[in-house]
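The following pair of complexes shares a single chain, chain A, combined with chain B in the former and chain C in the latter.
Coming up: the complex of A and B.
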């Protein structure tokens, strides 16, 4: 646990001292700020619609799909490219501790990014009365989906030394998860298969549950189990590299 | 790399590969098993302020007890104007509630079609023909032999504004999605509608004057009809509930004669249910019958000193009830302090029957026409609604005279009345929900707020991130 904490601290510090992280933060805030201002005017101040669009519109999904691969692309790729990975493993830190520390750090930074939107929301609170339950549900949903996408990103990062290739692989995997909701059109409402697709579709969870202020606890199991599975595969990918 | 390969024997590598493959397979299997199990169990936590997506126990009981499966079809195409946007919003909420209903009882309720008409006209034509749909922007609840149709106006209260009213917009005043869907569900599966007769002929309140009350109970699956007591020898056997809404003498109520009283008494004696609001200035003739069932009507009416709309203190006949009987099915869901029923002109009651509503202590029983508190006059609290339950018969008497009148039929008073009707017809599992007020969540856009949002969203907050980055770089250098 101490080793996980040490890796976590090191990684988090590297996020907060890296210029790239601040560029990501700036782009993130600017994109959300412009969107937020645009929606305030487009929806003539109707809070429910503004929030629904801010946390479910195209910019939101673009950021959700893009940011985790950008945050995690250098996690192992950079270590391998620069040769520090071998150095790390010789210190006796297990692959599991390494993956866990890096994963927690990337997820923390991911949540920090979404946390920077709270000034907008407090500003909203000063002039209107947004429903805080719905906002909490939104951020809870973001935290859950962040778990999976950060785990996917880390897994992709273990596969290659090239950061761009790592981000691309993660992005493709994320898109596969996202486009799960498009398979809905192949089924009729009420079909069991449709219910399966709905269960694993993040877009569906956001539109039907989180956007309405409802948190279904089974999604914690879903996202938690998927992120654990990807982390496990990431550990195995690192182990595999020692033998091949 | 070659040296690396030489030092690792092939057999060992194969074993590692097999081991990893087995582990991955195991993880995949556990993943599938866990999610396959969790898929069938849902634990939704509703964080909305009014818990609008949580189904009340009555709805869950109804869903689980459905004998005929109900199919739901929702064809829609809302306009892009504000009215369309608001109606779409209400339908989205209804759709979410239906989803929850489907989750609770997937075998009994299924949303089989939910389609945007403009997006796929061919499919719409097929669906229209298959389910014999007549209009769009409706929720159809369909069983093999019956159907119920809900329009946006059944799910919420909209304030439509005349297009000529400049500066005003259509508003969503309140929504009632869960109750409207529950009621429609109940109607669509109900084999026989309980019959409610509203008495007329002795100057009782005309049905037209209490049309909202009559429509409200009819919408809840009751067969509502008038009955002229001057024209019948007895109340029909199949009557489940008799409603007597008395009025004042000035409004034409002339009391019941001996023959009518005996008809009513025999109806109650043979187990009939009676709902009654009292006249404020004369006896009805039924006082003796009510007294036998533990409900005594006191002389006079309730008065109190209140503040009028000019801010002046003066005695009047309007008041709110601070007391609800938490033990009785009719009033158990109301909270003193949170819920308030407003009434205007009420008789006071007494007796051994169950009290439903009571006035505050600041009221007195006005027995003269002076509307001034005299020392001899009895002071509150007074019972103003009571319920009696015999072997078969059930009686609810309301002191407030105008409670069924369209103008006064609203809020907690409306819910109490509806709950009384449910209790009297032995349908205690039902309960009238409140019309959840749609809280105004809107930014008042003016030049000042627009400018504040513009600068904060586009410059200040993103600018802070640049500043933080520069600070981090500076610290790093040091």
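Coming up: the complex of A and C.
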């Protein structure tokens, strides 16, 4: 545990001392600020529409899908490229502790980014009456999906020494997860497969449940097990690389 | 103690180690020499559990590197080649981070960090960012890191590379102080360094061990290889014969007017007297002392190293990206 904490601390510190993280923060704030301004003007205080666009629009998904890979691309790639990985491994730390520390750090930074939205929402209070339950549900959804995408990103980062390659692999995997909802159109209503895709597609969850303020334990299980699966594969990838 | 038995390592089709055997006893400082790509770093990476051996086994401080890697890690301090760092951390932050990773706790962390900083004389830069340090300081931070957990065995991959002569002698003094307390395996390109510090020298080339010798043995070997050079002006034809008949001269070689004598005693006085007597004009009379370098060149001469350093490094850090 102390080792996980040590990795976590260093990793977070490296986010706050690296230019990449600040660029991400800048882009994030800019994108959300602009959309917020635009939707406030466009929907003239119709709070439901504002929220639906803010938490389901193209900018939202763009940020959800593309930011985690940028946060995790360095995680193992950079350590392997610079050789610090060798130093890390020879302290006797377990691969699981290593992955856990880095995963928690990337997720924390991801949540920090989304936390910057709260001042915007607080301002909404003066124009309309946002339903805080819905907002909390949205952020709960973001936290859950962040777990999955950070785990995917970490896994991608164990595969290569090249940060760009790592980010690309993670983005492709994320898009696959996201576009699962589009497979719906292949099926008739009532098909078992349709129900399956509804169960696992994040876009569907955001539009139908989180937007209505529903926090379902099934999502915790789904996203939780998804992320655990990817973390497990990441640990195995590290082990396999060592025995190669 | 380090014990290596019939150790093999393949990288794909290349064979980096071809069944090497050696043993470094408790408290001994051993020098690991060899041309680039000879298998030094590979061996060290196996001993620190970073790489698994393809075949054979290695024991460090009583634990098998493949079967009990954690136990080995706990007893080994490792300084990798060209000391990789996190540029954004300060020296003391980095060492504290490393101390926690190595399993130190609470007050121990603080006291060990302070003591290794003193030992490696880096206390004056403790607040500096690692990325801003000179190569010499960086290397010493690496050495401090290796010493953090008070390890029984130290594995140092080129500990003095990139240091200026004063720093080299400081590091050498530091390593010298480990004698009898820690088992040290250090690789180096600087033969003089190995000659001064090490009790034992192991020369590898092409994945095989060419020389494995203790200080006493190699000193004797080198003494046997030392000779006296005599240069005469217009040497008459009988010089070779006369010199050979000189009492104590074991072997005389000649090349034009230059002669080399091997002997187990000092013949300089006798040769001078001889020259005066024979009215030869003596231009030069000098002992040629064999060094470890000649031993090294001899051991590594016959075949060119096959492995490129780059191949070794790339495969070692995880292979095809």
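The criterion applied here is as follows: the second predicted complex is superposed on the first by the 243 of 244 C-alpha atoms of A that agree within 3 Å, B and C clash if a C-alpha of one lies under 4 Å from a C-alpha of the other, contacts with A are read in each partner's own complex, and residues count from 1 in each chain.
The rule we apply is simple: a residue touches a chain if its C-beta (ideal position, glycine included) is under 8 Å from a C-beta of that chain, and two chains touch if they have at least 3 such contacts.
Owing to the predicted nature of the structure, the values given are computational and were not obtained by experimental measurement.
A.B. asks: With both complexes overlaid on chain A, does A:86 touch chain B (first), chain C (second), both or neither?
C.D. replies: A:86: touches chain C, not chain B.
A.B. asks: Looking at the overlay, does A:123 come into contact with chain B only (first), chain C only (second), both, or neither?
C.D. replies: first
A.B. asks: Output check: A:17 vs chain B and chain C. Expected answer is one of first, second, both, neither. What do you get?
C.D. replies: both
A.B. asks: Output check: A:168 vs chain B and chain C. Expected answer is one of first, second, both, neither. What do you get?
C.D. replies: It touches nothing on chain B or chain C.
A.B. asks: A:96 contacts which: chain B (first), chain C (second), both, neither?
C.D. replies: The answer is neither, since A:96 touches no partner chain.
A.B. asks: Looking at chain A, does chain C or chain B touch more of its residues?
C.D. replies: B
A.B. asks: Just checking: does A:160 make contact with chain B only, chain C only, both, or neither of them? Give me first, second, both or neither.
C.D. replies: Only chain C; A:160 stays clear of chain B.
A.B. asks: For A:3 in the superposed arrangement: first (chain B), second (chain C), both or neither?
C.D. replies: Second partner only.
A.B. asks: If I apply the document's touch criterion, which positions on chain A are contacted by chain B in one structure and by chain C in the other?
C.D. replies: The overlap between the chain B and chain C interfaces on chain A comprises residues 17, 243-244.
A.B. asks: For chain C, which residues are in contact with chain A within the complex?
C.D. replies: Going through chain C, the ones touching chain A are 45, 48-52, 69-70, 72-74, 76, 78, 80, 82, 84-86, 88-89, 97-98, 100-103, 105, 145, 317-319, 321.
A.B. asks: If you look only at chain B, which of its residues touch chain A in the complex?
C.D. replies: Interface residues on chain B, with respect to chain A: 8, 13, 16-17, 20, 23-24, 27-28, 30-31, 34-35, 38-39, 41-49, 53, 85, 89, 93, 96, 99, 102, 110-114, 439-445, 449-450, 452-454, 456-458, 461-462, 464-466, 468-469, 472-473, 476.
A.B. asks: Under the touch definition given earlier, write down the residues of chain A that touch chain B in their complex.
C.D. replies: 16-17, 19, 22-23, 25-26, 28-30, 32-34, 36-37, 40-41, 44-49, 116, 119-120, 123-124, 127-131, 133-134, 136-137, 188-190, 195-196, 199-200, 208-209, 212-218, 221-222, 225-226, 229, 232-233, 236, 239-240, 243-244
A.B. asks: Considering only the defined contacts, which chain A positions touch chain C in the complex?
C.D. replies: Interface residues on the chain A side: 2-3, 5-7, 9-10, 13-14, 17-18, 80-93, 160-162, 165, 241-244.
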